[in-house]
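In what follows, chain A forms one complex with chain B and a second complex with chain C.
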Partner chain A sequence: MGGYIKEVSWGVPNMSTKAKVSPTKTQELAYEFKVKDAMTAEIISVSPKNTMDDVRKLLQNERISGLPVLDRGKLVGIISIDNFIDCIMSGRIDEIVENNMTTKVESLYSDEPLIHAISKFDKLGYGRFPVLEHETGKLVGVITKGDIIKCLLQKLEINYHMEEIQRYRASHIFEDIKSDKTTLTLNYKIKGGDYKHAGEQSGYLKVNLLRLGISPPVARRVIVASCEAEMNIIIFSKGGEISARVEEDRIRVNAIDNGPGIEDIKKAMQPGFSTAPDWVREMGFGAGMGLPNIENCADEMKIDSKPGEGTNLEFSVFMER
Partner chain B sequence: MRIKEVIEILKGKVICGKDSLNTEVKMACGCDLMSHVLAFIKHDNTLLLTGLTTSQAIYIADAVNIKAICFVRGKQPVEETIALAKERGMILIAVDIPMYEACGRLYQRGLVGCSEYEHKG
Partner chain C sequence: MKMKLTDIVTNLDLEIKAGHDLLDREVTGGFVSDILSSVLTHAESGNIWVTYQRHLNIVPIAGAKEISGIIVVSGRQLDKETLEKADEEQIPILGTSMDAFQVVGKLYRMGIRGSDENV
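Entry: the complex of A and B
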């Protein structure tokens, strides 16, 4: 029984059958998850006064191999497949559960880490454990090895999916292209007044930067600043463009619009200063944090703006070395 | 704290993402100003509590890698907002209580704020 568990690799480092994920990841997950995350909360149980024939029907109909025995809500025993076989072999199928159950029940608490459950399965070789709530001792679920496998596989599948996204990277183009200086430019058109889609283009930029293999912290700073710049174009101008250049040592972003221009750049840089109309504020923008936010995220920033003509905001975030 | 505990504590309803309620959040931020969201949320695994249910809330939250948003004061997002969240694999929940109470109850149960999380290192 214990061997079955080991086949799926719980993360014992020197095991011969290795799952595709690194063993430590499974182990990590088994520590991260609690028993209650994997258990089945819908409990199928019998009472001590039921007959063993009732048990047979339940085992067959529900396709399970054991049952907790509950007396007025309290866990008093467990019927395992072994108990059931013993009972058939000695012709006691019409007897009541009480006389055939195991009364010394090994259980788990719902808030224990999953790794405790795994080692208990390994040690005792049982097929299932009742799960009790720590504070009240109330039966809240049942856990089987199958439940544990399902829970971990689900989590691994999510992780795997995310890794796939990360793997689909275009970073190799920088290595493949032989030139003294390679720059990739990503342009995004921003419609003025289109507040409904505010942040959408920066979202695309984010996905693309990550695909290019830009480190997440660097991408994050670029995106926060670019979101603010996008917002400014939407709120204040008739439209413009965000262009992001991936250079060897930095991401350089230009947010250019033909809008009204900034009257007083120094004033606009003050946190809290805003000329945004009320409807913009109601949407959660225009709090006067835009330019200060950009400045905080960027390693370099400059604004070129003339009232009546337009604004060119340029900022750079340096690649981490 | 797992999202399903957040739902339990706030008696919230899941709008989308019911398959990933085991997602863990390490800290929370209660905020209606999107610029503040951009400025103050610096780590993944942050829960955002907000009254803003428009599509920008999703775009902005996504920009800072937020996995779960809790809409307070009984506000329901429109279909478009929900569709955007689904596309991004985000969890959306709605609670009836106001912002202050929602934040307070989570804080009381040990979910720290962004600045405290940073100080903890």
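Entry: the complex of A and C
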């Protein structure tokens, strides 16, 4: 009976250590991490004097399949789903926990490697183990197979992200290239009136800056400003280009368009001033906050514009030292 | 207390329109605006963004600000291209027939605050 329930509640095959032939990434992690990394530290427990009906409520409400039994803070037993089913089958639901729990409790120490937990689950077939602190013997958590799977998946995911970052990392080019001054320029073409793709090029820029090892806070400021500049080119101009230069001490961005140019730059800089048509505003663009926003994000900013010709907006965000 | 997108989806009964596998993301606070520039200026990384806007551009804006998820209100339907883009850029989009006021009220009751109040 126990086996049946366990299959249903876990439903995740192949956690068995027996099934593995060569050491896998998962196994490596299982050696690396401790029981405490995977366990649930919030302990839901019952006292020996609670009734089995109290247990039923807890199992149902908390959606768990077993509970440690604590007497004045000390672990005295465990109620498993098997205990609970036995109890229902023999009509003892009103009895107290003490008479229905398993007293010979198998437990794990919080500082044991996770692999010990996995092999113990394998060997004994239980659904959960209480976790004790080595020094004091105090109950500090509960671990289930589900906890282990969740923990390993999380670690695998983190590792995967780290590898991804490593794979695409391009910051080494600054170390590899010997010159008195190395500058890298990234150019992005922006089509005028292409609302659909507004912000997209700035998104690419962001990914690239991060790959180049630019610190995320600096990259964020560059991206917010370049996103605004990109939207300005799309809304107001015939098209243009954003070029971002990674220099020694700063990211310098030029947003250059082919016109029509800004009539009154001072006015354009005023928060809330906008020449955008209503339908553009309805989309949430053109609120007259673009240039002030760029100014806020940037450490330096200047605009050159000739009506009838075009605009060159340049801003810089300094690298953090 | 840590709040996740999935808690919000359950609590507000939201429809998951994009980013089904990203609901484990933590939500650090909330922001509501239909003005993209104001999102770019004031929203913070990890915020949930409540908006009436539904066009494609909400995705890169959310990406630039590292928004944890977007709630599109008032039953506004999104086109396929936007949802595909959101999946690609890993921006969860959640939908509801409630209006922004109701959504924000419920988020607030769950304990989600604006960025100034979080401190």
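List of remarks:
In this section, the second predicted complex is superposed on the first by the 162 of 321 C-alpha atoms of A that agree within 3 Å, B and C clash if a C-alpha of one lies under 4 Å from a C-alpha of the other, contacts with A are read in each partner's own complex, and residues count from 1 in each chain.
Here, a residue touches a chain if its C-beta (ideal position, glycine included) is under 8 Å from a C-beta of that chain, and two chains touch if they have at least 3 such contacts.
Keep in mind it's a predicted model, so treat the numbers as computed, not measured.
The superposed arrangement places chain B and chain C in clashing positions on chain A.
After overlaying the two complexes on the shared chain, residue contacts for A:G73 are found with neither chain B nor chain C. Of the two partner chains placed by superposition, only chain B is touched by A:I158; chain C is not. Once the two complexes are overlaid on the shared chain, A:E200 sits against chain B and chain C alike. Touch counts on chain A: comparing chain C and chain B, the chain ahead is B. Looking at the shared chain after the overlay, A:D37 reaches chain B, while chain C stays out of its contact range.
Once the two complexes are overlaid on the shared chain, A:G308 sits clear of chain B and of chain C alike. Of the residues of chain A, those at positions 195-200, 202-203, 206, 220, 223-224, 227-228, 231, 283-285, 287, 289-290, 293, 296 touch chain B in one of the two structures and chain C in the other.
Per the touch definition, chain A reaches chain C in the complex via residues 195-200, 202-203, 206, 220, 223-224, 227-228, 231, 283-285, 287, 289-290, 293, 296.
Of all residues in chain A, those touching chain B in their complex are 32-33, 37, 155, 158, 195-200, 202-203, 206, 216, 220, 223-224, 227-228, 231, 283-285, 287, 289-290, 292-293, 296. The part of chain C that touches chain A in the complex is made up of residues 34-38, 40-41, 45, 51, 53, 55-57, 59-61, 63-66, 81, 89. Here chain B touches chain A in the complex through residues 2, 20, 22, 24, 32-39, 50, 52, 54-60, 62-65, going by the rule given at the top.
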